[in-house]
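Look at the two complexes coming up: chain A is in both, with chain B in one and chain C in the other.
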Partner chain A sequence: MKILRLVAVGWWLQLKNRSRSSFDGLLSILYPLFFATTIFFLYRQNGDEAALVSAAVGASLMGVWSAVSTSASTTLQGERRQGTLELLVAAPTPFSLVILPATVSMATIGLWSFIVTLLWGRFAFGIPISFDQPLVFVIAAVVMTFSLGLVGFLQAMASVRYRAAWALGTLFEFPVWLVCGFLVPLSSLPDWVTPIAYLLPPTWGVSAVRAAAFGGSPWRDIALCLATGAIYAAIGVALSRRLVDSARGNATLALT
Partner chain B sequence: MTAALRIFFFGGITSYRALFHWLTPWILIPTFIVEPIFQVLFFAFVGRDAGVGDDSFYLIGNAVQFAAIPCLFAMGNTIGNERYTQTLGLLLASPARRLPLFLGRALPVIINGFCVSLVVLVLGALVLRVHIPAEAWVPIVGVLVVTSFSCTGLGLATAALALRVRETAVLSNIIIGILIVFCGVNVPLSALPAWMSTISYVLPLTHGIEAARDLAGGASWSAVTGLVATEALIGVVYAALGMAMLFALEVESRRHASLELA
Partner chain C sequence: MPVIEVDQLARSYRSGSRFSRGARTEVEAVRGISFEVEPGELFGLLGPNGAGKTTTIKMLITLLLPTGGSARVLGYDVVADPREVRRRIGYVFGGDKGLYERLSGYDNLRYFAELYGVPPREQRQRIAELLDLVGLTGKEGQRVEGYSRGMRQRLHIARGLLHKPDVLFLDEPSIGIDPVGARELRETVAALVSTGTTVLLTTHYMFEDDELCDRIAVIAGGAILAEGTPEQLKSRVADGHVVEIEVFDGVDDRIDAVRAIAGVTSVGVESSDRSQLLVVRTAAAAQVTPAVLAALEGRSLGRVATREPTLEDAYVELVRDA
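The block that comes next holds the complex of A and B.
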């Protein structure tokens, strides 16, 4: 119970903190919107409305991953720059439980982009948006967001000893968009990509959201999205212990 | 004259080294090679899924666009990083002539943008098995150089704005986004609304991408000289605008003591 409260309070605090900058908020919406606009124009060319609607859902979800991929890698660098990383590591609370809410809050910010992109598609491009199971659609989107936050947590932990981790964070944006079926079905990609895609929570999240939007049963995909996300979180926790111990042992936490 | 050349070359290269002080091969390769290749692949596969365009269209559009990314970010950061390291005031208080000072910083960035663009084009062509005629490569290299220059012109204007705004990376991201949507990178200009394609003609990239696509499609250099000249002219106009803005905003920052407040 204490852990749940810590995570919930941390998430809310981080969410408020990240929502303070209107400039950053605008960027988190605008940047994915540029790609979504390109994609809307692209799919509109051949006049296939079903493909356009499907692309609208995929393009909207892309913003959630954008919100996590680069930001998560810079989480610890941000703490380091503010001089709070040592305090967080020294605190009696497990380090991972302090960072996890931060990355989940990043993904939550991405939900704004998701909503705005859907509305942009509806009102600027006239894309008819109607969902087969609206409530399940929302549940699937929330689960996917949470799961992406867990992936971001692993990313953040993996970058604890790298000062320029932000540069690597940007590396993951396009590969995940491509491999996880945000727009392109897995069947259109080379066969060897499929097993990799199955290991990534967004694959199941995108599939669940699509099933909820266009008919089908999303519950198996929702469960798999949560399960794979949980595995990433578990690896992140293990990594955090090892890397933080190593950083303490070698006095490399500050990376100065 | 000698002092101006020294500032141009040595100042430029020193600034470039300082800008990329964090760059090691294991960061350089993902940032300047792997990520761009994945962008090319992403749009090529999206194009296939949408049934629009061919791989060559997306390869050239995105490869040429990658001339813009280093040019915009690096130019913006040359000013932004000076503020971050608290040397901007010292730099602007120095008696160095501004023209070689800022243009010198642009030269390595143009070379950087050109190299990224070329590497992405070559690797993307290999991965996607896009055939570009052998005789087209040299003219395409010329187009990439001109496009890198024109994007750096726009980057100079961004760098000038960095005298007034703190978040240069955010600004560059927004400009990159505008270029991606407007300049025919992934969507032909004919598929854009008329007002968007009209704007695209005064932006860098548009004519460069069109010229590169024409060359890859078998056009001769003489057939694209108009496009290349227009791209170069746009670069000159943006560079002049950028320099004028740098002068004006420097004067204003002295008058209002706003250099460190931005």
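The block that comes next holds the complex of A and C.
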């Protein structure tokens, strides 16, 4: 109960802190919107409405991953810059419980861009939005968001030890869009990509959201999305103490 | 039992990367220092920039691992039991950083109250008490980005006290705040000590240490040069005197001549807009004023005064000899 409260309060206050900047908020919506618009134009040329609708859902989810992958790595560098990273480490709460709510809050901001991109597709491009299982669709989207937050948590942990690890987020952003089937079905990609995609929670998340939207059964994919996310979180927790101790040994908690 | 026990504590830093072409260098920031702080004591670490004060404090609050020696806080080893140490200590540093700018003062305190395990039922009351203590009641709803430096510093103090720590580490808390704010801060610290909180304070403001501290360790170059009460430190130079001479048309070219006068132990210059103040410290019973005035012949002089040594003079002597 105590841990749940800690995570909930941490998530809410970190979300509040991140969503206060109107510039950052606008950027977190405009950036994915730019990519989504390009994708909408591409698929519209094809004339296949089913593919366009499927791409619309995938393109909307891209924003969630972007919000996590780039922010999770840069956020601890930001905490380091503003002098709060040392205070977070100096708190008696296990560091993993401090960082987890922060990365889930980033994914939550990505959820806004998901909704806005869907609406953009509907009103600017006339892409029909009608979900077979609206409630399950919402559940799938929320689970995917949470699970992506868990992946971000592992990324963030690496940034505690290595100041330059913030660059990892940018490195992973585009490849994950491609590999996890955000835009192109996995079946269209080379065979060697499939095992990699199965290890990544976004693959199962995208599949679950699509299934919920277009009439399949999403529950297996929802469970796998959550399970793979949990594995990333478990690795992050297992490494957290070692990484923090290494940061204490190498004096990387502060900028100087 | 001492609250803080530091034994031969050392920390060195490596600069340069193992992948870069340049040679890796190792800098010894703290070189095997030892001291103890008793319960309820206000202990000062006094030293110039780069002396090793912040490195020492960061090892004691478990943010840095020592490369040598050991340290215990309230009986817990800072390396082996970091969580036990963290539960019982508070940490406040000076400057603008260390706060969430976009959150209100209240939300900052609420967040850290959660992280420091303040029971939910007590949080509201505890935050209200602390806001009152640091004089921020009524301002807690404003975003921190709109706070003045003094207000931020007071919020830092409130944050550091949320979980009622037994030991409070203050790392140059008055840096950059105005004299009134600094005085209020000293009053707050004095009030805390009167309630039994043990405080370790680092600063390079002599008057702060002189006014507040029960004992002081002077640190420079990573080593402790002297330790004692402010009076004991002052007594190290009590046999001598300090001659201050105001010079209006430059004194830099005469310093060597003054330094060469028998009985002069050190010479310093403090510059202001209109003049320079030559500070000449002398050995016991040395009457150097006529010789110093002779060395300054031809210069336009203002006030000439002789005074007793202060803590600052003792500090300058110690650091100069290091």
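Couple of notes before you dig in:
Just so it is clear, the second predicted complex is superposed on the first by the 252 of 256 C-alpha atoms of A that agree within 3 Å, B and C clash if a C-alpha of one lies under 4 Å from a C-alpha of the other, contacts with A are read in each partner's own complex, and residues count from 1 in each chain.
As a working rule, a residue touches a chain if its C-beta (ideal position, glycine included) is under 8 Å from a C-beta of that chain, and two chains touch if they have at least 3 such contacts.
Everything numeric in this text was worked out from a predicted model, so none of it was measured.
Shared-chain residue A:N46: touches chain B; no touch with chain C. Once the two complexes are overlaid on the shared chain, A:A55 sits against chain B while remaining clear of chain C. Touched residues of chain A were counted for both chain B and chain C, and B has more of them.
In the superposed model, A:V9 makes contact with chain C only, not with chain B.
By the touch criterion defined above, A:R242 lies against neither chain B nor chain C after alignment on the C-alpha atoms of chain A. Looking at the shared chain after the overlay, A:R220 reaches neither chain B nor chain C.
When both complexes are overlaid on chain A, the residue A:A167 reaches chain B alone and has no touch with chain C. Partner chain A is touched in their complex by these residues of chain B: 22-24, 27, 30-31, 34-35, 38-39, 41-42, 45-52, 167, 170, 173-174, 176-178, 180-181, 185-187, 191-192. Across the complex, chain B is touched by residues 23-24, 27, 30-31, 33-35, 37-39, 41-46, 48, 51, 55, 163-164, 167-168, 170-171, 173-175, 177-178, 183-185, 188-189 of chain A.
Contact residues of chain C toward chain A in the complex are 13, 58, 61-65, 83, 86-87, 91, 93, 95, 97-103, 107, 110-112, 114-117, 120, 143, 159.
The residues of chain A lying in touch with chain C in their complex are 5-6, 9-10, 13, 16-17, 20-21, 82-84, 86-93, 98, 245, 248-249, 251, 253-254.
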